[in-house]
Structure formats: C-alpha cells, structure tokens
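Letters A, B, C and D name the chains as they come in the text, with residue numbers starting at 1 for each one.
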C-alpha cells in the first residue's frame, strides 16, 4: 500500500472553478492568504463568486484583486475595515456582504467540515446580527441556530505539504486554513514547500491528507507574502 | 512577561474531585488512558461519579478499577464491549450507561469546549439512540439537537507537557484527550515527559496551555501503559 | 464458511477498492481485506481512533504501545500517515471524505438497511463508530456469511434488529455471492466459484433479482 | 487625552492583570497596556488569530512575516507559546478560558452594555472577534477616553449605537477615573491625578455613584 499523489499544476486546479461558485479563502491579514491561487483565479476569470474569508485583505492585495476584477458577488466575512474598496462596494450595493462574528464564522465553517447541520449558540443574541436567525429553545437556555457554512472550493495556503495532501501551517498563518480545508467539495492547497511522503511527521500534521484534493507547489514566493511595510 | 507554572503533585490535583463529580477520561483502549490519574482517583475514593470516556477499557485496567471500587454511578460512552464488568453492571442496573455514536460523543465534548450549546445532526436518526432527542427543523432537513457535554474534571494523558500546560500526544494516544482538555471546568494532565517552556515548538502544540489547569509529571511508566499481551 | 470461501470473498471485496480511495475497514472480517490488496495499492486506510494511512499489522515484539487501530490491533503506518483527534477523525467520516467503508452485519435488508450493533437483551456493547460509518461513507459494502451458523438467512426483506442506519448499504459481499442494493431491490451480480444462482436465491431471505445474463464468478 | 493621562490610564488597567491570568487585549488602546506590565509578569496574552503566549511587538527588520497579532502588529512569542486555528482560538474565548479582556468602546452604558463595532451609515467594518470577547471573557474592562473629541460623554445611561454585547462590562478605565458596573449602577472607584469626583460626574452621561470615602488616585 502507498498513499496517492495529489500534486497538480496550479492553473489546472483553478480551472475547475466555474462561474457562480462559492470559494473559501484562508488567511487572517497577510499570513495564510493564498495569494498565488487568488492570482490564478483572477487570471482564470470565474465570475459571480461567493467569497468566504475572515477579512478582505488590504487595498491592492488578495481579495482586493478579485473585487477590482468584478468577480465577486457576495462576501461572507467577519471584518473588512482594512479594505476601503470592499467597504465602498458594500455601501454602494455592488457587493453583498454578510458579517459573522469571527469565531462564529470559524465555527460555521468547521461545522460544515464536521458534517453536522449547524450549531446552537447565544453569541451575538444582543446584536443586529441576530436578526432573522432561527431560535432554538434548549435545556440550557435559548440560542440561535447557526447553519454549517459549506463551499464548492477552498483555497488554502500551507507552509508545507506532502504529495498526499497532508499540510502544516506556520505560526499565525494557520488561522482559517485548516477549517476551510475540511468544508469544501474541492480543496486546493498551495504550499511553500512540497515534501515527499513522510516529510511531515504524522504527529505534526495540521490538516490530514484525506481532506485535500490538489496540492500545488509555489514558485519563489512573490513579495506580497512578505512583511507589510506601513 | 512569562507564562505561569502549572505543575502540581498528583494527589493534590486529584484531591479536588468531590463525590458526585463528572469526570472525563481520555483514551481509546489503552493508548491515551490516564491510568495513573485514575489510580489516584481510586485512592482518593470520590464516589457517585459520572464517567465520560469513549470506552470502559478492558477487565482489570483503567475504568475497570473505578467500577470495581463502586465509585461510578453513570457512564457516558460509545463502546464497552471489551469490559465484561461494565456490561454486567449495565445489565443488572447497578451502572447507568448512556451510549453515544462515537463521533457524536467526540463532537458533544468538543461543543462544550467550543462554548456552544450543542449542534444539530441527523446522525443516528434511524436508530434507537434517537429516542427522546429534541428535533430541529433546518433549511437542509430535519436533525436532532445534541447538547454540549461538559464535565467538572478532565483527566488527560499526554506524551509531553510543558510547565504552562501545553500538551502533545503520541500517535493514536491522542484520540479524545485534546477534546476533553477543552470541555471541563478543571483539566488535570499527566505527562510522560514534562519539559521547560519552549520545549514543545508552538506549531506542534496539540492542546494549548490556556485550557489546562494542572500538569502532573508521571514517574517511571507502570506496565499497564505497555503493549497489551493477548 | 470455509476458509477458502472466506478468502475469495475478501479478495472480491478488495477488488472494489480503487486507486486513490480513502477507506475505513470495520472490525472483524473487513479488516482482513487488507491482506488481499495488490502490492503497492494506492489507498488510504482510515481508522476512526485517529489515523489516516494505516499500514499492515505489526508482528509481535515490534508493536508501538501508542499505535492501535479501532479494533485494537497494533498497526503500522504508511509514509504520509497522519494522527488526529476523534473529532477530526469523525469529521472525515461525516463530511463524506470516505469513499468506501466495509462493515460486518447481523442483518442486512433488501432496502439497504443495516443492523450490526445491538441484539436487544443479548449483545449491546454500544455503537462505537458504526452508525457514522454506515450513514456517511459515500459507499457502504457489507461483508457477511450469507447465512448464520444455524443456516438462517442474514440477508432479509426487513431487518428485525434495531438499525445501525437505514438504506445505507450499496453492496453485499458474501461467501456465496455479490449482491447490489438497487432502487428495484436486491440484484445478484456475481457468484462464488461452485455456487449456482438458485443456491443464492434459496439462501437469501429477501426477493433477489437474478439477471438473464451470465454472471461473473469470483 | 494627554499622553500623560493616557499613560496613567494604561498603567492603571495593567495593574488589574493578576499573575496567572489569560488575557486578550483588543486592538488600539488595550494593546498598549502590555508596555505597562511589570517585567516578568506571569500572564498569558491570547490573540484571536490563533496565538497564546504573545510577546512584545518586534522591532522593524526583525518581523516574522507569518506572525502577527489580531491587530496586524508583528509580535514576538514567549517561551511556551502555542499556535492554533481560529476555531480553537474562539473555543478558548467562548468556553470561558479568558480571565479578562480589555476592549475599546464607542459607548459604554451604566448597565454594562457595550457598543464598539458599528456606527450605522458611517462605520461598519464588521464585528471581528469583539462580540465573543465581550460576551464571554470572565471579566471585561473597557479603556476609553471619558468624553469624545467633541466633549460628549462616552459613558451613557443607555447605548444609542447597536450593541456588541449587553451587560458585559465590569469596569471602565478612562483618562479621568476607574468606574465599576454594579447591580446598583455605575460606581466611581478611583480618580486620575488632578481630577475631582465632581469633574467625573459632570463628564459622565449616566448616574454615577460617588462613595463617601476617600478615593484612591492613579
């Protein structure tokens, strides 16, 4: 027995994404954002996308490329304060933005990956985000049903991947990446390093290979992955 | 700044467990079962306990010590087939056993650790386990509400711990340990090795220190932790 | 079941494990399918106690005390294996990342219902991972003797025992035959060597469609 | 707010961080509390993007491109730090493992209501982690200028802006005073140097109880 090889060319993997698809993106700010996969998605040109990501990056990078190219119809997120274009598009109605409390966004994505329908919580019950949510009465009080958040595709940035799709992440670049890697029908991971099978110790794997469909090795890392100069 | 030291003597940590407490135990079979903490709990003698553990171990080890000592009133579990005493006590009514599908048990414990009230799933909807469970109608179909499963204490077996309570687990000894470590009011971890702060690389921590209250270093490992000879 | 018949049944089930699959093999007969996979088979075995990339059982003396599969066997791991907690392990199961599971059965019904975890009053060790495997693997195969030790059919019109999951079974591998659960009921697909279609029909407690064509033999 | 008043407010908030605590410092003023902790303080700083054991911000040129806190600062980590995903990070928050969070405010009310994430029509960047921090940390402190730039009270009887969480605030640290939210309403606890109780009462948009005793000065 041996484990299957899932390495793949980037353009080939991204070409699977059709118009109208929902696409989850890893990253919290710069760390963990799959910039090269996003760039490939801009080149590929799929439109009418629903993007699911913690934030909208900053002006001129990442999600902003997709917004600028007019490929995004809807953004499910927790914070877009650092991207003026996203805020402006939300305000002028050209972008449909759904806000979630950050941990609720994480938990809804994880719920999809865990194969449950959703969860019940009272987080945000006192806020405008509670409007329209289904109430559930439980033995420990009233909560709101938060439905699992699935996607058609997840674009993941990993520090290291092996050929089977086991992934590990570096420092705070982990963030939403292991969660989205469980929650999409098709999971595409870009990795700064691709190592042979066994190159990641089994105890140190952050995302197990069974969740991952395609592994793409990154070329020399473009500058956008570097330290942000403010 | 530096991180607090949580190392503690075993008897002192276990002495906190009162009669009537609910106690989660790690382990799937032998690997990951906190045998020394369980032994200390037998010596301590707290009674009328609710034990939450994937399985009841085998005759003569682990959970069986607590059953034999008459300390357990209720067992919340997924499989007890390898412990004839547990089966006999269930059948004669001296032990109240609640069965959960294994992944639902894991998920209910995790839900407690995640600070949500519970989750909705259709797992087991066709089975006798569905009886009496609250139904929830969702946009993706009907499910059952599975309430978060909390405990007063969690007894965890780790391969390695640092003084702050960061934990790592070995191979399949991980199983329920990282989950129960999030779900109890007081988390006591025994570790085969206790290392100084920084002894576990931040990327390789399986259970972050903020979840853990007490760290206990194990003496030379008793034979019960070894390979089971059948 | 003769050891020869068992061996052919196991080999037949192994033949349905396609390259690239992620598979969970239930305790008992299903675990033995491993031995019948071709050398170098590209397959990822999952064990619900938290392993992907399970390898063969280790010989005595070479066990790792921390490394068992869900059946308690001291297994090895393949290069590229991963360990994870029980919540993530069942995330793999419930979110549909298992291409196939092979399970044992007390009873399996013509509508795909499976009963394999409780015999009321006699055997109730708890469900373990069976319910989620049966309900959520993309494909569920059952390995079972065609009749029980008393000669009674294990493949029935309706299960009498409490279910593990309803309508979950796709294919049944027995010592006599391969049968598929279809919208039109059970269909005989293949015959074990030396077994005739009418033998299978007689040993089956449910209506079994026998196609008009010649059936492959395994 | 003078830089001196800000500095004393930050130091006062820092003094409430007890040894052994696990603390989340919100973006803005709260993050600056770190500089006022005593050397060797035994405290675990949590950042909601997946870090426990956050250390001081790194100097330019020594940043790790993969290591920022939730506010985007390139931070260091203490020995014993851990990295984890966003779900586990908020598990720490929601399950009550944070002893304290310090947050900023647009408005904070006498009943402990906090508004700090949206000004309808003017500012709506999204809630980020604020709702869960405010709702679930065991203790919530607010750091805020006592009045806004136009001189209007930020501490009010009832919030006019949409809430982050209701009844969540325990203590308010301002450039003028420390006030506690109690079942009997707001109570003045301490005064900033050179500030009189009547100044605080006048600058507060809610009923403020002034104890009969001499108040500590910070």
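Operating definition for what follows: contacts are C-beta pairs under 8 Å (C-beta built on N, C-alpha and C of every residue); 3 or more make two chains touch, one makes a residue touch a chain.
Just so you know, these numbers come straight off a predicted model, no measurement behind them.
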*Starting at chain C, find the fewest moves between touching chains needed to arrive at chain D.*
2
*Would you mind naming the chains that touch chain B and likewise touch chain D?*
A
*Pick the pair with more C-beta contacts: A-C or B-C?*
B-C
*Counting only C-alpha atoms to place each centre, which chain is farthest from chain A?*
C
*Please work out the Cα centroid separation of chain A and chain B, and write it as a whole number of Å.*
32
*For chain A and chain C, let me know how many angstrom lie between their CA-based centres, rounded off.*
35
*From the C-alpha centre of chain A to that of chain D, how far is it in Å?*
30
*For chain B, which residues are shared contacts with two or more other chains?*
107, 114-116, 121-123, 169-171, 174, 202-203, 206
*In chain D, residues with contacts to at least two other chains*: 51, 83-84, 87, 90, 93-94, 136
*If two chains touch, include that pair; go through all of them.*
A-B, A-C, A-D, B-C, B-D
_If we count contacts the way the header does, which residues on chain A are in touch with chain D in the complex?_
28-32, 54, 77-82, 87, 90, 97, 99-104, 106-107, 109-110, 121-124, 126-129, 159, 169-179, 206, 225-228
_Parts of chain D lying in touch with chain B, wherever the complex brings them together_ = 19-20, 22, 34, 37, 40-46, 51-53, 55-56, 77-84, 87-88, 90-98, 136
*Would you pull the chain D residues touching chain A in the complex into a rising list?*
47-51, 63-70, 72, 74, 83-87, 89-90, 93-94, 113, 118, 124-132, 135-136, 162-166
*Residues of chain A touching chain C in their complex?*
1-5, 112-116, 162-164, 166, 182-183, 196-198, 200, 202-203, 205, 208-211
*Where on chain B does chain A make contact in their complex?*
107, 111, 114-123, 134, 136, 138-141, 143, 145, 147-148, 168-171, 174, 202-204, 206
